[in-house]
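Each chain gets a letter, A, B, C and D, in the order it is written, and its residues are counted from 1.
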């Protein structure tokens, strides 16, 4: 398998995960909201391509794509989404949160924008250690309007932190179109004012994302400081599943679905002869089966014993 | 008196106020810290020149220059600084705070950056009323690194608020040089990323400031939206009086004192024949005397009765 | 009289006040075109247009700051912070700016500002969407804090909050949004600072807020079968607290239990208990008790919520234990 | 033994811990080149260099966030928020991020983070620089909150806070910075969560924090002349509160007064009172009282501060009133 096939596989995995979770939701099998990552698969996968387990990511409320792209095991991740005790965090973190320190996944966040300062902290930590490890902070275009964004841009640039700031501009923050909330529609333009490199990237083209990621990660590793990447993409679903999406047209949605990152990549791979249709079909089938199994397992698993709610409020141990 | 002479007078007033308050401080006659505005006089005076009483300003912890430039009466302003009951706010607001709603002075602030969102609110209010009134938000370059700055830039641009954002870049935030805390030394450059006009201005040249102010205020009045002005200037004193200023050289201070806004303006007025030396001397003498009297009155005044501490915690009155 | 749910009662309140007074405006995330993240401002954009019903970016600090600045210049803004869990992002504007403006400037500015927010305690959404933090704001002089438990109170308190010249933090329990009640069509104002005795009783006083009021009433029903007469008081306003009504009740019942959805430690129950201690100590036959979720964040999932939060059963148990 | 003031005791604590453990870093406004806005990190930049002693822009949210992210990746950061009055700008990072990270992720991350901050209550600086808000953070599970009143406690608690794997909010009273005390040269650790009985007595318990501890001791001196034996307890840690020590004292004295520089409403005194209510009610001969500044912001000027805040005289008066 070439690395491009791996990219395809990862994207297909995310796609299947999101599709099948939505189905579970539609069947009333899911406890709570689903913030679907459908349509944005190329962003997570392209960005995580150049990262190792030493590198960190910080995610959002819409984090499954990031988790899977960074290598989180499918089954415990899915179980976490269902709040089951087999979940990667014992089922207590839930749909907006999951973490895996060993893989450098520092968690999602229920607070929009709150991951940015934390990512800067992780990057500062790596800078102290001089390991060359890089931190990638994922956030939405909506988050770019929160105070934490400006503070993080500035500190990252001033300290030349090994940080890549990745704005997935999917055009909507909940029900509000981005264009209604800004005077400048390219988030990437904010970079220059903070003394940082900024770049707009086609977020539905996984190879373009990977290339930009490689440049930015390389810069960060070498001490060249942070980069702001704006990945233009689209949130296929509502803010959460069930959102009637009155704030946009079905036409607009169709247009963006025609720019499907998975299909585009599939076509490219076949056209260039790097993969055969059947091979990719098989991958998709496999991913479909893997996800189906993960969901089945999650559904069959127990919810955590309620008394576990008392665990981990504090790290135990007396110091003095 | 031409309007330029008025500008000179206002600057001389601020200069005298700051000099004489420092003297009072040195003689241990001042209760608390003094955040001196010495050296920045052209900023406040130039910016407030095109404003009427309908226009609002929002100030900072270093606010006396703004208050006087916007027309606050000298004596109650000075008395406020001393915490006297004859103060414009009864002596309870103190050195970092003073307000006068009738003149559109919405107050100083002890929280760096907190005035920016409030200024946006005042601008929104004027936008609703359609009066053409403009709000000017003064803040330091240090404040430009706080989250409130980014949020305000963005909302102001998105809503085309009648707001002028005035960053007085005096190179220091407390004891920290600005250059140590940023990746880009021109704050004005941040404007473009938010879809706003930005401009760097010589903050020690009152006419340059006034021109920039006129352009920005005009734009705001006509519905053209906000402007970010960065006034390059210098804080002659320490962060507060008594600060030993170890973080910079006496040479640097001397260099900036050679760019004294008051002297430069005086020389210009004389050179161009717009004023005679004696006339300007007389103004300065008058200002000196006015301030001396204001301080004398403030010193002689009583501190507020301590029981007044209980006043105004809530606006009285039952609604239902 | 018409049956209204809590959510529509609030929309009615805001609509009526916006009709009555052009200075009333509504500012927040998704309040306009979307009709509110929880549908709690439906119809207002159409009725009042995008200048008075303003969608904002995700910028909590300036959302409140816009309200502060607008209130200082003659408006009566309602600003919305979607969840109270986000208060950590805007508490400076609430507590240092809105709360202190009238005071600092010696009365020069009024601050007719409503900070509308909600809690989703017990809705399974996890640690960042399940907090009730009324005591953060209750601790700050200059603020009023309101927390209605019924549609009628929601409407009347919202209208009063909008007309009040002080900053009012208005906390809605999302789990109450669909509860219905008959509400008079006419003008309805519920005064801030006045508790409501939701049920009379002579054996024990239960002070309950928000979601807990209905449960306390349920518990009272059960207890009545055993001959225990419970007085249920809903303070409705958290600050200033109508402690007189509570003390009068305790002087009669000699026992009190406080039930909340917020943390016990440094919480509402502690305040009520300490006030009863100071004012009615010699009337007490038993110590005032606090019944609350334990001192932990809220994990994801309703099974945890059910386990962690007080319910009619645990309220009744707590009352019985006090009467032993 | 050497006499040290509170400020230098803290610097020593941080220096010793930074020497002991390379992972300890200090981050904040003016902490480096300037040696701290209050001189409370003098010498550390020279000793440890600009990477471990990092000056920041005026960006409170990211100051704490840097600490959170660094703590999650193996560091033991101390982050400084100059005044506690600025907590409204960074409370999300403190209360939703630092406090909940260990919990949410089922123990996967530790959070060895110290949030160093100060209060300038009674120093005349006015409404935005005179607040003590320990109950905001005391209300949040996952946080520890510490407030030393003496140089020795300051040093020992700071060292313990740095070594603790939980986020600790460390509150200094600036008015205490110049107080001196003899401190052992050797290793000094004061355990978090343990109150200190600063004076033994049998007639009344005074629980006092921060600035109020010395005043309570002064009052006790005066009262002793009248034969009133006051036990003075300094909890030192606000959360988790060592209520056992307080309750044991009240069981002996049957009376308690709580004295703080923070607001009474929803404050520390309410928490202590409510806990005593629940645990020692039947030992009480009189209601627990809270002595605090009144419910108002702090105006500019020391004359107001003197009027508003408790002092040895008003503490003694309150004790006498309780014994009547």
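The rule is simple: contacts are C-beta pairs under 8 Å (C-beta built on N, C-alpha and C of every residue); 3 or more make two chains touch, one makes a residue touch a chain.
Since we're looking at a predicted model, the values are computed, not measured.
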Note = Separation of chain A from chain D in touching-chain steps, minimised, is 1
Query = Would you say A-C or B-C is joined by more C-beta pairs in contact?
reply = B-C
Note = The distance between the C-alpha centres of chain B and chain C, rounded to whole Å, is 40
For chain C paired with chain D, centre-to-centre distance based on mean C-alpha positions, whole Å = 30
Inquiry  = Distance between chain A and chain B based on Cα centroids, please, to the nearest Å.
reply    = 45
Message = Between chain A and chain C, what distance separates the C-alpha centroids? Give it in angstrom.
response = 36
Message = Counting only residues that touch at least two other chains, what does the list for chain D look like?
response = 56-57, 59, 61, 85-86, 88-89, 92-93, 96, 103-104, 126-128, 141-142, 295-297, 299
Query = Residues of chain B touching 2+ other chains?
reply = 92-93, 97, 109-111, 145-148, 151, 154-155, 158, 180-182, 313
Task = Examine which chains touch each other and state the graph shape they make (line, ring, star, complete, other).
result = complete
Request  = Name, in rising order, each residue of chain B that touches chain D in their complex.
outcome  = 31-33, 83, 91-97, 109-113, 142-143, 145-147, 173-176, 180-182, 246-247, 303-304, 306-307, 309-310, 313
Remark   = Listed in rising order, the residues of chain A that touch chain D in the complex are 56, 58, 89-90, 92-93, 97, 99-101, 106-107, 109-111, 114, 116-129, 135, 147-148, 151-152, 154-155, 158-159, 311-315, 317-320
Key: chain A-touching residues of chain C, taken from the complex the two chains share   = 29-30, 33-34, 37, 55-61, 85-86, 88-89, 124-129, 294-297, 299-304, 306-308
Note = Per the touch rule, the chain C residues reaching chain B in their complex are 25, 51-52, 54, 56-57, 59, 61-62, 64-75, 77, 92-93, 96-97, 101-111, 141-142, 144, 156, 159-160, 163-166, 189-192
Message = Going by the contact rule set out above, which residues of chain D touch chain C in the complex?
response = 61, 85-96, 99-100, 103-104, 126-128, 133, 135-136, 138-142, 239, 241, 262-263, 265-271, 273-275, 277-278, 281-282, 284, 286-290, 295-297, 299
